Amino acid sequence: MTKAAPKTPRKRGYRMSRAAPPGSVPGTLVSHPDAVAPKIDVIRYGPDQVDEVPAAPADELRAGVGTQPVTWVNVSGLGDLDLLRSFGKAFGLHRLSLADVVNVHQRPKAEIYEGYLFIVTRMPRGGSGTETEQITMVLGENFVLTFQERAGDCFEPVRKRLRRKRGRIRDAGADYLAYALLDAVIDGFYPVLEACGERLATLEDEIIASPSQGAITDVHELKHDLLMLRRAIWPQREMINSLLRDEGELISENTRIYLRDCYDHAVQLMDIVETYREIASALVDVYLSSVSARLNEIMKVLTIIATIFIPLGFVASLYGMNFDPKASPWNMPELGWRYGYLFSLALMVVIAGGLLYYFRRRGWLGGNRERQRARRRRRRSA
Amino acid sequence: MTKAAPKTPRKRGYRMSRAAPPGSVPGTLVSHPDAVAPKIDVIRYGPDQVDEVPAAPADELRAGVGTQPVTWVNVSGLGDLDLLRSFGKAFGLHRLSLADVVNVHQRPKAEIYEGYLFIVTRMPRGGSGTETEQITMVLGENFVLTFQERAGDCFEPVRKRLRRKRGRIRDAGADYLAYALLDAVIDGFYPVLEACGERLATLEDEIIASPSQGAITDVHELKHDLLMLRRAIWPQREMINSLLRDEGELISENTRIYLRDCYDHAVQLMDIVETYREIASALVDVYLSSVSARLNEIMKVLTIIATIFIPLGFVASLYGMNFDPKASPWNMPELGWRYGYLFSLALMVVIAGGLLYYFRRRGWLGGNRERQRARRRRRRSA
Amino acid sequence: MTKAAPKTPRKRGYRMSRAAPPGSVPGTLVSHPDAVAPKIDVIRYGPDQVDEVPAAPADELRAGVGTQPVTWVNVSGLGDLDLLRSFGKAFGLHRLSLADVVNVHQRPKAEIYEGYLFIVTRMPRGGSGTETEQITMVLGENFVLTFQERAGDCFEPVRKRLRRKRGRIRDAGADYLAYALLDAVIDGFYPVLEACGERLATLEDEIIASPSQGAITDVHELKHDLLMLRRAIWPQREMINSLLRDEGELISENTRIYLRDCYDHAVQLMDIVETYREIASALVDVYLSSVSARLNEIMKVLTIIATIFIPLGFVASLYGMNFDPKASPWNMPELGWRYGYLFSLALMVVIAGGLLYYFRRRGWLGGNRERQRARRRRRRSA
Amino acid sequence: MTKAAPKTPRKRGYRMSRAAPPGSVPGTLVSHPDAVAPKIDVIRYGPDQVDEVPAAPADELRAGVGTQPVTWVNVSGLGDLDLLRSFGKAFGLHRLSLADVVNVHQRPKAEIYEGYLFIVTRMPRGGSGTETEQITMVLGENFVLTFQERAGDCFEPVRKRLRRKRGRIRDAGADYLAYALLDAVIDGFYPVLEACGERLATLEDEIIASPSQGAITDVHELKHDLLMLRRAIWPQREMINSLLRDEGELISENTRIYLRDCYDHAVQLMDIVETYREIASALVDVYLSSVSARLNEIMKVLTIIATIFIPLGFVASLYGMNFDPKASPWNMPELGWRYGYLFSLALMVVIAGGLLYYFRRRGWLGGNRERQRARRRRRRSA
Amino acid sequence: MTKAAPKTPRKRGYRMSRAAPPGSVPGTLVSHPDAVAPKIDVIRYGPDQVDEVPAAPADELRAGVGTQPVTWVNVSGLGDLDLLRSFGKAFGLHRLSLADVVNVHQRPKAEIYEGYLFIVTRMPRGGSGTETEQITMVLGENFVLTFQERAGDCFEPVRKRLRRKRGRIRDAGADYLAYALLDAVIDGFYPVLEACGERLATLEDEIIASPSQGAITDVHELKHDLLMLRRAIWPQREMINSLLRDEGELISENTRIYLRDCYDHAVQLMDIVETYREIASALVDVYLSSVSARLNEIMKVLTIIATIFIPLGFVASLYGMNFDPKASPWNMPELGWRYGYLFSLALMVVIAGGLLYYFRRRGWLGGNRERQRARRRRRRSA
């Protein structure tokens, strides 16, 4: 029943990166229409202490950098351009960096600017959906700025580790914090891919058991989602790789070992995405061949019934003709035979029997089951 | 209804690059038949001043270069070869450069000549179509020449920024102007791709809801357009990359940072084009499987009706035979039975019931709806 | 009508490169069976003079090299091995070079030998066919040798430029002549590709308008031709690139700029070939979906007609049964009713109407046209 | 019979690498839920002696390293995190290495840490299944640690060679032992691929002989398994290559020659996997074309029977009409003809004969067998 | 007739490289079960002399190296492991080299060992089959060892050139001999590919003329064979390339020029294989679309016949009903009309005519031929 197809087509959003109208000044800040009011969280920490500082103007925050070994300023919500400009000024950000913060459909990348490293990454938006949200990070010598599209992120475990001093995070520098955040982002893709794997396994079983049109639409949607994930993950892999090979001084040798681990995870995510995509593509073949097989089966039934009864019906019609036996002895003398009726019935039985025999020899009747059995036997012995 | 297909086949123009006949002198200027008369705009500017100078012969324009820090000469329309030759002479252009200006189906590229950088790029022609127009740029030490196929371009915002002194454009050199123009060109592809995204989303919904032959033709056209866009964008990416890596002195370190941003946009455009192409290809699978499913459904209905009524019709024909019961007691005694007619009707009901039962067990009847429900249930629980 | 398919299968020639039997001495000269008798043209020229010298033995020709700045010896026809050997000896060619001259199915390549550059290239044979012919060039310090399979080439414009002193060809050295010849060869592919583009556009329109089996055979042939063109052009691109990057002294810096232009053209040719191949591949999908759609339409008509008339026919057969109403009141009393006939007709109308209603609700009737209209409306608004 | 499809869908496990919850401290040890209690085997050996030492605490084992030229500690089962931590401490392993030991769905890789080389590899789990199990190796100067998911491995032959002093293993260092173990792992894939080859050959024969829906499901499963094998083998190839090119001192020049051999095997495995995948993909085409051919055959039979008997039936029905010949001489005078019946029979024969002739000319009847014969003749002569 | 499919499935041999059981000592010599007893041929030669020396123990042969400038020892048959070991010892071969000699399913490769170059190559087994046989070569300073699986090779022409002193082979060193043998191996693939080209052309013509299920099986087999050839040729190309770039002293500059020629041939072979594979893949599309077109044609005939005669049959049945005109004037008064019969016939003609008109307008009747003609006209004018 194709009626099951959605009546109200859901508009898929193929979103673009450029918020500013074409040709505007490079570095123009244009707020995304959905941008929300910012919320600022500041954490300053060192081996011995963690201070969660209240929000303050950007230049005060900048001035406070250095009171502890590392300062982490997190801005959730990009709706206040003046505030972002004040951050840009206080922390000496290039106008292009600032534009990239606001322009939320960027490709993940890492760029070196004078005095800081600028990282764009994408984090799954949570739930098992495949939507992602842009996170930009600015890694300075002793501070990390992060900008998120909205409140709610995958950094909570990092905050907990900071507060409870678990692992080496409190002892390490800002570069390790940046790594920890990146790692949390990459880790966030695992549940998303797990959900995709579940959908794939379900579809695989469903299509093999009984192919329905809805399943192929689902496969298409899954492929679409995997394509989106690939677009989000692939450049992250490149980005982390460029951080690894970069000779700058902002990332210590020690943190690089951890980044290598993070890179391994990104590579593995890509591996999984590609594997899923290939399986999903192969499923279409399974579907099509399954549908063809069903059509064949249906056609066989139709053909058998029609082929048997059409000749029988013809014989019956033949003897339903009204030629007048009385007008001439040549006119349907069978009608007056003693065993005429039985003769006609016998004729029909012979025709039907002959056709059934022909179908059987062709392997169209019953053979299927036997062939299946033969297959199973062969497999077992293989 | 295939009648909906176009009666008057629109000839797609697969245009070629070589305007000059094969074997002619390299660097021969041959005007494109559609070339229009040129219109010259000159802007000279520096931090403090912007002069929009009236059109003048090429050597005068050349002489005027240097009166202001940067001179931008824009020629729209390539119909006057003598004028172009005078430009070539005045600005010391290589004969091959000049030929590339006229020959409007070039692949985007950047080439270093003595004393200037020669850039070929392609700009979308405007509207939401995927046609592109060639723009050639000559970047000298303190001037930029641009040649367009016709008036009307995506440079208006740059001109406005020059006039109103927005951004750093007035303070920077000719290289920044060249960047700003390139950036405007690249930005011009975003609306084009957005329109493609819209078409793709519409087709996706349409094919899933009800596949029609027209939709697949549209998908083919979309793929065609995306292929053309790819041919236009891919070499631009390479071209900007070669500018980035080029060690020449015409592009300053500072402008290079902006070019990197421009490169990111080109990469993202390619990303989007490739994603769209993959989705469009996948749509064909969805279409085919959807059509197969419909065929199956149609065949099932035909098979059920035919398979039920053909045997019934046979029974009816049987008792329509004219064997003479009076000639022999063996001839169709049923006709004379008290409940003969009811017996025949009962026979038909039994046959029809048996077949319906068989179809139901096969899952050809009603099962569809139940299976759909089962799918939905499974999905919800998944 | 598959009858339209060719009855006398045209043997496609998948020709091989190795003329000599496997294992023979490397550099063995084996004449191709179709090789024709050679014809020698000699042109010696400098800025001031062009001499078209009569054919002469190879050693005399060699001796004459240097009387003018550049000597161009063109040999058309490879049927005389002794003559070729004499050339090889006179001009100091390696035995492998000489073998490559004769062996006419080579892949284009450029190889440096002591004292000369050896270039194998492929030129379209003329007309709009995709057949190519091998041209080998030997570029020495002040001479160029060219060997062609047969008379008739794409070098006529170059000869004219030499005679009429158009462009800088007379002022430049042998390397520029070699470039000019290569450029003429590359240019020769444009009309061939244009013809392919025409075929593709025609097929595209035809398949969209009304898919026929012949069209898909044509698409296959076009793909085949494009594959052959790709095999001819792709290595030329590599070959020119290797000439560009080669640090030898035979090619001057100035000529290199022209070669870069030639390289651009080769890249563009490849671009076009690849684009055409992708479109041709996509056409197969359009064809298949178009055929599926037609099959669906045909089956729908069959199904509707059969599904309506089979039940009606059954009703008619029913009342054609010969049960004897006189034998029992239970036997077909309808036959004796006053409105029996009208009742049966009404029954049929009700059945047919019910089925038509069912088909309409399923969207099998008339809906097509409405759906088409809906599509167009949606597109316009999109 | 699609009934043969599995009723109880087997959930394919698309397993993920990250055991620890997203965002946890990098290097967190989280035991896999299926992890079993560890079993420790220690072998210390040199040219003259082999000691199989009883299990002991990690620091004692570490202390014992050096009493013989090489010490091999094998831990089977990862269920005891404390034990693993003690190993990590005793042998100076980085916390990330230790995490990788526990986290059993890693991608094979080789990483250099200070003082040791860390290798993750995957070994087929045994039987002919395509499941793999993670093996991690730590190669120190004079020791090798191996960690397996569970008891049972492919190292038995290596142990035998150690005990019986076969080959040069006892004379070589720890690097050679690591090589020997890697080689055993790579070798372990050969029987797995052989089983896949068997399955492929069986499916190939089956699909060509008689395509069934079950076969295509098997092909899909085979492709799935090959994809999994590729995911396991491909990174091993890279990993061994990185060991080969690595300039570290832990692997001697001599062992590198052996590693090259191991690399060759990994390359060959990939070769085989890719070849199998391509053949499996091509099989789907064979299946689909085979199914199409069968459908054609079925439809031909139906069409022939229906097309012949429907017109015949019509003629019979025609003369079954009850127009009253007595009411008018125009009403079915044939019924009263002397040879009316014979005439109607003759009419039917003519119709049937004409249709049969038409089908034959179309090549729908009997032609098949002849065409087959023609094919075979042509092939033989080819 | 699918009966034509082979009843006794031919088991395709997907053979593996590893003869030794997994985990055995690297370098273990395990004789292949089919290995035959070895036959040794020795040729020593220099510019002036060729000695064909009788077979002798390996150490004597080794001692004899140097009596002439070059010694070529050829071993055909690998069935005697002791003999091979003695060769290994006498010529100082690494144990891995020796294992590679015996292990006959290697990937072609070239490896540098101390004092010799070890080359594994694959030679077509002869005939036009695509089976290959492993040849291993050891190139020392003044000797070449070759090991073949069995007697019979493609080296006969080389031997003849040696004996008759044709070409420069007698004057050159062992490296030239190795080149000559490699060249003979590569050349041996040309006839094999020519045979594949023949098969492909035949299949192309056959599928276009009349697609049969057998043809697609043949295409599958051809693809399979081409895949195997690719697996044999591709690594040879790499191997020769590595010889070309290798800086060792065993191969002289002069021989390198010849190797370059050999490399060109390998590249061309790969080119041909890839082209054939693409054409073979495209053939499947042609087949499927051809089959679809045939199905459409069949269905059209069925639909036309059924659609015309089913309504006619219904009309006939209608007037075959037995309602009693005597019981009521409403009961089938047509039966008693003067022109009732003619009226019913006219009704049928009108129905049939209307349907034929409808089909014609739909382009289902006769239009095909006209469309074909239109196509041809268009093509001619194109």
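Residue numbering begins at 1 within each chain, and the chains themselves are lettered A, B, C, D and E in the order written.
Simple rule for what comes next: a residue touches a chain if its C-beta (ideal position, glycine included) is under 8 Å from a C-beta of that chain, and two chains touch if they have at least 3 such contacts.
Fair warning: this is a prediction, and the values are worked out from it, not measured in the lab.
Each step here moves to a touching chain, and the least such steps from chain D to chain E number 1. When chain A is laid over chain E using CA atoms, the rotation angle comes to 145 degrees (nearest 5). In a homomeric contact, the two copies may use the same or different surfaces; for chain B and chain C, under half of the interface residue numbers are shared, pointing to different surfaces.
Note on chain placement: the centre of chain B and the centre of chain D lie 38 Å apart, centres being C-alpha means. For the pair chain C and chain D, the distance between mean C-alpha positions equals 38 Å. Mean C-alpha positions place chain A and chain D at a centre distance of 23 Å. Taken residue by residue, chain C touches two or more other chains at 198, 202, 206, 210, 288, 292, 294-295, 299, 302, 306, 310, 313, 317, 320-322, 332, whereas all remaining positions touch fewer.
Listing the residues of chain B that touch chain A in their complex gives 154-158, 161, 166-167, 169, 180, 183-184, 187-188, 190-191, 193-194, 197-198, 200-202, 204-206, 208-210, 257-258, 260-261, 264-265, 267-268, 271-272, 275-276, 278-279, 282-283, 285-286, 288-290, 292-297, 299-300, 302-303, 306-307, 310-311, 313-314, 317-318, 320-324, 327-328, 330-332, 363-364, 368-369, 371-372, 375, 378-379, 382. Only residues 1-2, 4-7, 9-12, 14, 16-18, 21-28, 94, 96, 106-107, 109, 111, 113, 198-199, 202, 206, 210, 212-218, 220, 223-224, 227-228, 231, 284, 287-288, 291-292, 294-295, 298-299, 301-302, 305-306, 309-310, 312-313, 316-317, 319-322, 325, 332, 334-342, 344 of chain D touch chain A when the two sit together in their complex.
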